[in-house]
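So, here come the structures, one by one.
Each of the next two complexes has chain A plus one more chain, namely chain B in the first and chain C in the second.
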Partner chain A sequence: MVKVTIDNIEVEVEQGTTILNAARQIGGEVVPPAMCYYSKLPGSGGKCRTCLVEVAAGSSADPRPMPKLVASCSTPVMDGMIVKNKTSDRVHENRGGVVEFLLANHPLDCPVCDQAGECHLQDLGYEHGSQKSRYEEEKRTFEPIDIGDTIKLHMNRCILCYRCVHVADNLTENRVHGVLNRGEQAEISTYIENAIDNDFSGNMIDVCPVGALTDKTFRFKSRVWFLKPMEAERSCNKCSGKAVLWMFGNEIYRVTARKDKYGEVEDIDGKPGWICNDCRFENKEVSKWKILGPRVIDRHSVISQGKYETKIETSTKKIN
Partner chain B sequence: MESLTNRKKVVSNKPMTFIEKLYLPAIFSGMFITLKHMFKKKKTIKYPEETRVFAPVYRGQHVLKRDEQGRENCTACGLCAVACPAEAITMVANERKKGEEHLYREEKYAETYEINMLRCIFCGLCEEACPKEAIFLTDRIVPTEFERGEFIYGKDILVESIEERIDISKRQNTGKRGVV
Partner chain C sequence: MKGRKLLLDKIGISGIETFEIYKKNGGYRSVEKALKSMSPEDVVEEVKKSGLRGRGGAGFPTGMKWSFLAKPEGVPRYLVCNADESEPGTFKDRYLMEHIPHLLIEGMITSSYALGSNLSFIYIRGEFMWILHILEKAIAEAYNNGYLGKNILGSGYDLDLRVMPGGGAYICGEETALLESLEGKRGNPRMKPPFPAVKGLWGCPTVVNNVESIAAVVPIVNDGGDAYAQIGIGKSTGTKLISACGNLARPGVYEIELGLSVEEFIYGDDWCRGIANGKKIKACVPGGSSVPILPHYLITKTASGENRLMSYESLADGGFLSGSMLGSGGFIAFDEDQCIVRNTWNFARFYSHESCGQCSPCREGTGWMEKVLNRLEHGEGNLRDIELLEEINKKIEGNTICPLGDAAAWPVAAAIRHFRDEFEWHVTNREESQTRNYGLCKEPVTA
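Moving on, here comes the complex of A and B:
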């Protein structure tokens, strides 16, 4: 066990834990945002640079500060390390710069995008983004393409976090999509627009931090803040069958995996709760699900906007 | 108890005098006030033949704007509906097909868009929430109807026609969103 101080809060974590995960053990405001790191996907992280933090003292053995900001998702903690995230102006300023770069080619079509309301880039832009873009060049544009008949890819919105690639690497031996080309031309694509037909390919939608990969069966159906998320389960021989139904009245508009406050799928029985395409796309009749109750949602989230009922239900749930 | 504000009036119960009991002086002074008003300028107007001049920021009937090329601005993002405190707005979105680029500005558009004018309280929050400068309140009055159903305004009433544009340039929320 090593001791590390993050934003003046001391925490004891296991050797080899990254700064980000140590901060998550504290929780709350000290947790740096992460666009590409996904704890359930080995190999992810280190790409988006939004989780940069300042290390004021490297370790108790060598207490010199690190000269540059470090990516907290891939830097392991050392004993006696002092990390500054919220308390550092440098971090705040740099994160604003990173967000500006992420938004340089982003189309800012949130009113159209299905991810709006649960988008991490939106949160980041809200916190760090500037009112005006300084980017004068034309934004790169791609036509939206279908990868498989259930997933739509909007390459315009992609921030190249590689999470979807890691999902494919985790779930299948032969992944058929990846990042093609380099630098500014880099894009997520399949080999000659090959359709992706893995049973778990729909999880790409859940891991995508922006609206690049969206559910075609839910495309433009509604906005997330008009829907009511309900926890539900069904017996499924491919996955755990535990999911969240996004309901409007008595209709199921969309099915997603259960996600925690960092936007990552929750562990179910000690394993990441990925759901299969049957649960996600094929079973949208209420009779096929056992509805367990409303999902607890942060009351500051736009998703809980205007849902007086949900607020009462969740608050009573908390009391009980 | 001593009054703290000293604004209350003490009611007197003293009996009326003989002159006051006749009521005539009071009647005449009242009639005189009525007569005086007959020679003053009228405060009312003959609506609908005459109409008043509205302030450019008056909050009346809504309009869904088109852009310079005549394409609808609204993308059915739903922010007006979530901002609406009276729950008056509802919409169904649809995807723009190839060949419809001259009709709708973005790849998503409102297939139906309804405002219930009986619910609407004309607060202008929809106008404020709109990220696309699509919905504006105007200085037009919502006409009266005999049936309730006619107060649900669809896109046929709300969207401005290409020939007869509705000027909203003097409103406070125009041009608030710069080009990004």
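Moving on, here comes the complex of A and C:
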């Protein structure tokens, strides 16, 4: 076990833990935001640079500060390391810079985007973005494409986090999509207009931090904050069958995996609770599911403000 | 004695690209010496003593890099030669491989022996296809003469050497992107640590060295590390290939002893013979496109008034405020008629085109800078664009996975630092700036 101090809070974690995961063990405000890192997807992380933190002391053996900000999702902690996240002005400034970069070519079409309300980029923009964009150039644009019969790709909104690529690498036998071209022109695409056709492709939608990959069976049906999330299960021979139903009255509008406060799928019976496409797309009748009760969404999203339980609690706390 | 040559001394001999002539002229001595009379550790020790610094741009001591190589039991180790030379202004490796390919092969054999690699690679940029054929021919000759393959010279040491072409991406010159590409994947740089010395090619310990660094191992083993360390100045030991280009009277690839004065290099009869057409020098990029540009008054003298020398330390004197870097040795000179804004835009366009697009500051930042500079150059900029460029720069620098972000930010930052007047002139004299150039910048008045 090693001891690390993040924003003046000491925590003891196992050797090899990353700074981000150590911060998650503390929880709350000290956790850096992560757009590309996804703990259930080996190989993810390091790319978006929103999780940059300042290392004020490398370790007790070598207490020199690290000259550059480091990506907390891919930097392992050392014994005696002192990390500054919320308490560092440098981090705040540079994270703002990263958010500005992420938003530079983003279409900002939240009013018509299905992800709005549960979008990590929206949250990040709210917290670190500026009121006005300094980007005066023409934004790069792509046409939305179908990548499979149930998934729509809006490349304009993509931040190239590579999470969906890792889903295909980790959950399926053959990856048929990836990143084409490079630099500003890089885009997610399937191999020569191939359709993504496997039982777990729907998880790409769940891992997408923005509205680049959306559920075609749910597109433009409703804003997420009008729906009631319900925990439910069904017997399924492909996955655990444990999911969240997003309901309006007695109608199921969409089905997603159960996600934690970081937007990652929860572990079910010790394994990541990915759900199969049958559960996600093919079973939208209430009779097919056993509904267990309302799902508490622990997310501090802008639009969920006042909507979900935890937010109500925190806002009352603030009033008191 | 200035002008000693260790790498290009045999360049003029006709037929030196063939094994026979190369061998006849003292080639492959280092392989014989190392394999017959030295242990691998001895070779590493000589390289350490020589003080050789990586010739690819970063200038990290080669011997130290070699000693970091992990040596777990039963795991193969690899040596990879980085011949993905694609920095604008740098063409020294190309010259060396084209004209004297056996020097690189010899260096590869000796270095592989020192590192205990039984399979080594030369990763060459895809545009150098004709050089790939030259190298493959040279490698075939080395195999035929028993310098490659099983049991080299009866020493019991086996080595296979392969040349692998890249797809023509600048980013694949970054060592971890190079390894990804060599493994057949998309050339995205990896997160570090782990460094290649611990986990490199196919997860095995790997050393990646520049062509010139590997070639320099040959004279180091032949004459000893101490003799090599005698040449040069301070911690800049040995000789360096400089590819001089731009508005020089005699551009080309020169082998210099480190410590030669910049003034002599530009104006000396043995070297570039001054600026072409009798013009004045306006600026100079001494180490390839990614190092900071120097204005005319900081080229031959440092800010403190000392003579500037062609060495790692002297070129970096003054830090980024008034210095630059030796980098990869791509020496670009600009005469008084050149437009710095246009040149900066050109560099920015290159980095924007070559960014891999993996991490957001570089992907979005390089493209943004290119667009802003494009506007400035074409008379559509505003004064606040100059501040914006500085801001974007600061947000890219140090925040990316690999050094490409820094390499894209530095030239823009330095150009604005030294040539702000010219950028402002492009904004305030939009039409005039489209028809003529600004000319020499003013020297700051020192109190």
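Heads up, the rule we're going with is that the second predicted complex is superposed on the first by the 297 of 320 C-alpha atoms of A that agree within 3 Å, B and C clash if a C-alpha of one lies under 4 Å from a C-alpha of the other, contacts with A are read in each partner's own complex, and residues count from 1 in each chain.
As a working rule, contacts are C-beta pairs under 8 Å (C-beta built on N, C-alpha and C of every residue); 3 or more make two chains touch, one makes a residue touch a chain.
Just so it is clear, the structure is predicted and the values come from calculations on it, not from any experiment.
First (chain B), second (chain C), both or neither: which does A:178 touch?
second
May I ask you to decide whether A:221 touches chain B, chain C, both, or neither, giving the answer as first, second, both or neither?
In the superposed model, A:221 contacts chain B only, not chain C.
Who contacts more of chain A, chain B or chain C?
Residues of chain A touched, chain B against chain C: more for C.
For A:48, is the partner it touches chain B (first), chain C (second), both, or none of the two (neither)?
It touches chain C, and chain B stays clear.
Once chain A of both complexes is superposed, is A:242 in touch with chain B (first), chain C (second), both, or neither?
Neither partner.
Applying the document's definition of touch, where does A:258 land relative to chain B and chain C: first, second, both, or neither?
The answer is neither, since A:258 touches no partner chain.
Share the list of chain A residues that count as touching for chain B in one structure and for chain C in the other.
Correct list for chain A: none, the interfaces share no residue.
Can you name the residues of chain C that touch chain A in the complex?
169, 171, 186, 191, 352-361, 363-368, 371-372, 388, 391, 394-395, 398-401
Would you pull the chain A residues touching chain B in the complex into a rising list?
Interface residues on chain A, with respect to chain B: 108-112, 116, 131-133, 144, 219-223, 225-226, 302, 305-306.
Which positions of chain A touch chain C when the two form their complex?
Contact set of chain A toward chain C: 45-50, 52, 67-69, 71, 74, 94, 97-98, 100-102, 104-105, 134-135, 137, 140, 159-160, 162, 178-179, 181-186.
In their complex, what parts of chain B are in touch with chain A?
75-79, 81-82, 93-95, 106-108, 131-132, 178, 180
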